[in-house]
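Same chain, two partners: chain A is paired with chain B first, then with chain C.
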Partner chain A sequence: MVEVSMASAPAERKSFWSKLGPSNKKVFPWVLMAPTLIILVGIGIYPFLYALNIASQNIILSKPYIPRFDVGLYQYQLLMHDPEFWKALRVTLLFTIEAVFIEFWLGLGLALLFQRSIRGASVMRIFILIPMILPPLVAALIWRYMFFPGAGLVTHYVGGLSEWLGFGQIPFLSDPTLALQTLIFVDVWEWTPFMFLMLSAGLASIPRQPYEAAEIDGASAWRVFWTITMPLLRPAILIAVVIRTMDAFRTFELIVVMTRGGPGNATTTLNVLLTKTGLEFFDASKAAALSLLMMMVIIVMSFVFIRVFRSKTEVAE
Partner chain B sequence: MSIITKYGFAATIAASFVSVTPVMAQTEYQKKFEGVELNVMNPAFPQFAALWKFLPEFEEQYGIKINVDEIPFDQLRQKSLVEMQQGTGRVDVFAVDVMWLAEYAAAGFLAPVKQYVDNPELTAEGYDIDDFLPRVLSGTGVYNDTLYTIPIGAGPVGTTFRGDVAEAAGFTLPEKFDDSFTTEYMYEAASKVHNPENGMIGFANVPGRWFWGVTYLPYLYAFQTPETKGDEYVGEDWKITINNQHTIDSIDYYVSLKDFMPADSANWGIGEATQLYQSGGAFGVWNYQDFITGFFEDGGNATINGKNKHLHTPAGPHGVIDPWFGSWGMGISVDTEKKEAAWTFIQWLTSKAIQERAIEFGAGPSRHSTYKSETVAEIAPWWTDTYEFMLTETNPDERIRTPEWAEISDIMGEEGNRVWIGEIDAAEAAANMEKKMTNVMRRGGYFIPGRTDLPKQLWRDLTYYDRLPSEWN
Partner chain C sequence: MSFQDLYKIESPAAPHKPKNWWVYVIILLVCFVNFMPYLWIVMTGLMDREAATASTPTWFFKPTFEAFHFLIVEKGIMYNFMNSTIVAVASTFFSVVIGMFCAYALARYDFTGRDDVSFWVLTNRMMPPVAILLPIFITFQTLKLLDTRLGLIILYTAMQLPFVVWMLTGYFRDIPKRYEESAMVDGDTWFQAFRKVTLPLMMPSITATSIFVMILSWNEFAFATFLTSIEAKTMPPSIMAYSIGASIQWNILGAAVILITAPLVLFVLIMQRQLISGLSQGVVKE
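Moving on, here comes the complex of A and B:
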């Protein structure tokens, strides 16, 4: 009896591990994915649920003496009735759409240009990529000094030229409309190289045969661009635009360094508002609600992009 | 005016070593702190830079190492609060602006210091807490009758003008606190010398939205009548009262100084305005008295040094002069385990000897003995004529000391700056301020019926602040 029981214990252990082994085709893939899933839950799902929990309370970190209680959806309701939120959303969308639109067309133009054989193309490519390589904070500081009132390179020369022409000084960062456009200009300077890089890779992956067929058929360059290049470039465009849109939507360093959301609140984006709410007023619950709303907006925007591009790709196919 | 030059520093330092009270002696008890390291968080301001020149002496005398974390002023509150609410005690000593004390103290982030002041093993006999000006000490460090910080300096906000430029234009500027220096006078004087084509603007103002809580306030106050003083922000029932004609007039006046400013100045902070003045491009500029040595009289700028007239902010149309004072106190984190070593550092830093010696490098006084010092009168005479004002006129609560001040200040700056850029007019700004500030106070629980633990409105009876420093808890 004793011998039997001793022999059965290792057999049971073996059967447990064998259940997780490669022979179990249902469970084994999950075993392999487990570490990744655990990390995903830890850094993605848990913080999301935590933010949901905080957003349903009234936590102000700098006022620990205020009693904490559940407020349901009150923080979202507050934001929905806050003109500052809507203004920041408008500014964010304007910044994102305008910047990404310009970056896309400039990047595409450069990518098409560099498809041709240009002397010194490899060196020029490196120079084009420099703005993207710079840390955003450094880029923002460089431009802040370029636009420094009176003494910056841009304000001095462009402002001087403008005065010479009789238009007076240009309030690059002091006029509400111009300040946002100045920020967009700097964003375009910094991130057009990214579009260029992504779209160049996309162009390089397009096969030559459709172009040769079009050449034989005598199609114009314009027609070739719209009927061959653009449809075949769509997957690369989708990736580049979605990544840049998400990134532009969250732009922070550039705005904080150059205008800090001013003048007034003309350049206060949702991310700047979030920082003010969370790290200046320490209203953790309102900030959590705001960040969840921002996440929703990004998801919706990405979803719309993907749907539009997919439907167009299907039509093209 | 006798301004010390860089070349004269060495001689003056040597003289100060022998002429003033010796630094605090280390007690037997304090020897156990040898080897301790303290982390200090403070703003990147000239008065702190002046004090830090003496750190090697402290480290040598006490064996305590000081790590200074110098933060830009506009980020300091945020960084301090992040550290404080984490409760790690990583930062042992915080520099606390008078306007943030209520917020930090109400949240329990600072340790009361009276127990250390009264402990002879930690505080040298000659420390003499009653040597501090009562309003400066209580205004800087007392919240709910409890002492949390010790001031390293305090001073009023004012204006600095180029006396030589005024004389060249055929007029002489009035003296500090003179009733004839009014808002109207200031505008006219600036107009007389305003000549941007020749590189001289009338007044370098600070319209950036983050600075209104410091730079616009003196005008908000100056535009009150003697009857409305004290009601600038809130009434006795804590209801916001800022939407009134005095506020509108003060915003209009502040924005009228735009007439002298370059087109691209809406985001200007203290740095931009001061730089322009330092380069000789402006006739007048905002000042804080603790910055005078560091910014205007450091001996290294021949364009302006010795040519300045340091005045108060102008009196308003009803003769009201702003009683504003700013100050910085050093407080101990409630979470640090090195409180006694931290106090050892604070009592050394705020001692008579260090305070007097640091004046020449740009620190400000907060002690009777420093104000009355002949050395100070010689090297920084603008302090001597401020003594009476700091004793009797000044109001620590002009920026109401409630935990909500940071938000109130932000609202004021945002709406004011919108007027500056022409987005709205002063009347709309005042109405928006009232609405937004009311929301802030509502969230702070000020309108809960029957609530009895609201802060006291101490600015209505300033005798509260006149208690002897040693009498606080």
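Moving on, here comes the complex of A and C:
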């Protein structure tokens, strides 16, 4: 374990260290947090300021001969009037909200099923957790393989069935509407296990007494679920949903590997648009402005979610 | 009480009631859907090139280690495997040890700006990787950290800190303060009390969080691709480089998937009990 020098400082140096030591309830928490905060400021704040700076200019990396100006908020203004931006924002929100919503309810349902006595539960749990263990890149490649025309398992069997029924091949990845739903399906496949795991843990930490009391009162299973399970599960739900929303919002590998934002721009999320702007068109300033806008959206989303959730929790208590 | 104990409460050793059959149907269906794609790519990894590129799914074939030979002998992928192991283990260790104290402070002390610090820590996980790629690249170039394992370890440690802090804060809150306090009344310093009383109680949660962080670090792709080239290249970018040329070579991808997932699958298989009980530890409170 790491030695914490401030806490176990020898007595002779006490004059200085004791001011920072555990007895000082105002300063000591900051001493404990210092390493984390220093690292996060180093890795987090600098890129942020850098992006802020770049976004106020007109740098296009592939055209270094263009004279550089301080353009103020022009890049943001440009994005605000860009229909591509609004389209990508809509796709991102649809993807994030739909995927997290489905993952939450499926994960919760599964976690509740595992509350029952099930033979071989630990083996089955491993099978269920497999998608979460895979690198997102690998999961995306596997599903590209599954949807590969001809030899892919899904295209061969599901598509074959649909052809046999006379509907023709299903355009899983080539139809604009269906492509986004296919991506959501793969995201749900990949991350429901995460929800399942977090919510299983939450369920396991709920005390038994309220349930026993409800049983004596003869409350229905539905009522028990909404008045006992859900309120007591709130802390687990909060962390699972916030983390998952943040990650779904910036899903990258999945979309780039499976559709590259296509067909057309039907699955171009903000993150894919950002990658195209920055790494294909080398429009560094626009990319920086876009990334800051993305960050604002996700911060507002998480903040509102946490606030709503916390206030409800307090009411429940 | 752990997750396992819950079963015992609900299920006396009595034989299973047949009315539960639909639960098994659903769970087995989910197992099938979740496991089948993985099984399929693993099978493909044992095929030769011909079987892997057949125009219909091939179920019966003579397994070969052709793809493994290509990856291990010709491409030397075990070097990347070693890089991945070092980077994942080290960054997990550092992020958990450093984040643990921050989580402790957030859970134990009531100071001004606590909620703001907690939320700010979380916002560090919100920046899209592509957005911070360029500034990180430039910083690494200046500090000579490009294509080094040390660079990746520092970056991953920072990336995982918000997750560690958020996970552990909740668990620290669930451990009653008076255990520590009584240890300190008995003459222990704060750190002794922390090490002897709080840490052992937290161990299951710390283990579970470490498993999560390990999975995330082992699997990280975007930064590994841009910040490493030869010396420090980890598994995910190697898989991309070796299996995708003009077209995807599915059998090589399959073999690579076996190599990259085997340690994690084994690890989670062994640690599953700790994972579940650690995550559900909030039961120390009475």
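To be clear about the criterion, the second predicted complex is superposed on the first by the 280 of 317 C-alpha atoms of A that agree within 3 Å, B and C clash if a C-alpha of one lies under 4 Å from a C-alpha of the other, contacts with A are read in each partner's own complex, and residues count from 1 in each chain.
We take it that a contact is a pair of C-beta atoms (placed from the backbone, for glycine too) under 8 Å apart; a residue touches a chain by one contact, two chains touch by 3 or more.
Owing to the predicted nature of the structure, the values given are computational and were not obtained by experimental measurement.
Student: Superposed on chain A, are chain B and chain C clashing or fitting side by side?
Tutor: fit
Student: Looking only at chain A, is it chain B or chain C that touches more of its residues?
Tutor: Greater contact footprint in residues on chain A: C.
Student: Based on the superposed arrangement, let me know which partner A:29 touches: chain B (first), chain C (second), both, or neither?
Tutor: Only chain C is touched by A:29; chain B is not.
Student: With both complexes overlaid on chain A, does A:168 touch chain B (first), chain C (second), both or neither?
Tutor: After superposition on chain A, A:168 lies in contact with chain B alone.
Student: After superposition on the shared chain, which partner residues are touched by A:107: those of chain B (first), chain C (second), both, or neither?
Tutor: A:107: touches no partner chain.
Student: Given the touch rule stated above, what does A:279 touch, chain B (first), chain C (second), both, or neither?
Tutor: Once the two structures are laid over each other on A, A:279 reaches both partners.
Student: Looking at A:266 after the superposition, I want to know if it touches chain B, chain C, both of them or none. Which is it: first, second, both, neither?
Tutor: first
Student: Check the superposed model and tell me the shortest C-alpha distance between chain B and chain C, rounded to whole Å.
Tutor: Chain B and chain C, overlaid via chain A, are at closest 5 Å apart by C-alpha.
Student: Does any part of chain A touch chain B in one structure and chain C in the other, and if so which residues?
Tutor: 150, 279
Student: Going by the contact rule at the top, pick out the chain B residues touching chain A in the complex.
Tutor: 77-78, 81-82, 85, 103, 106-108, 208-210, 262-268, 272, 276, 403, 406-407, 410, 414, 417-418, 420-421, 423, 444-445
Student: Give the list of chain A residues in touch with chain B in this complex.
Tutor: Interface residues on the chain A side: 61-66, 149-150, 155, 159, 168-176, 259-260, 262-266, 276, 279-282.
Student: Okay, in this complex, where on chain A does chain C touch?
Tutor: My answer: residues 1-2, 4, 7-8, 21-22, 25-26, 28-30, 32-33, 35-37, 39-40, 42-44, 46-48, 50-51, 110, 113-119, 121-122, 124-138, 141-146, 150-153, 156-157, 189, 193, 197-198, 200-205, 207-208, 235, 239, 242-243, 246, 249-250, 252-253, 270-271, 274-275, 278-279, 284, 287-288, 291-292, 294-295, 298-299, 302-303, 306.
Student: Where on chain C does chain A make contact in their complex?
Tutor: 1-3, 6-7, 9-11, 16, 20, 23-24, 26-28, 30-31, 33-38, 40-41, 44, 53-57, 97-99, 101-102, 104-106, 108-109, 111, 114, 117, 119, 121-136, 138-139, 154-155, 157-159, 161-163, 165-167, 170, 174, 189-192, 194-195, 199, 208, 215, 218-219, 221-222, 235-236, 239-240, 243, 248, 250, 253, 257, 260-261, 264-265, 268-269, 272-273, 275-277, 279-283
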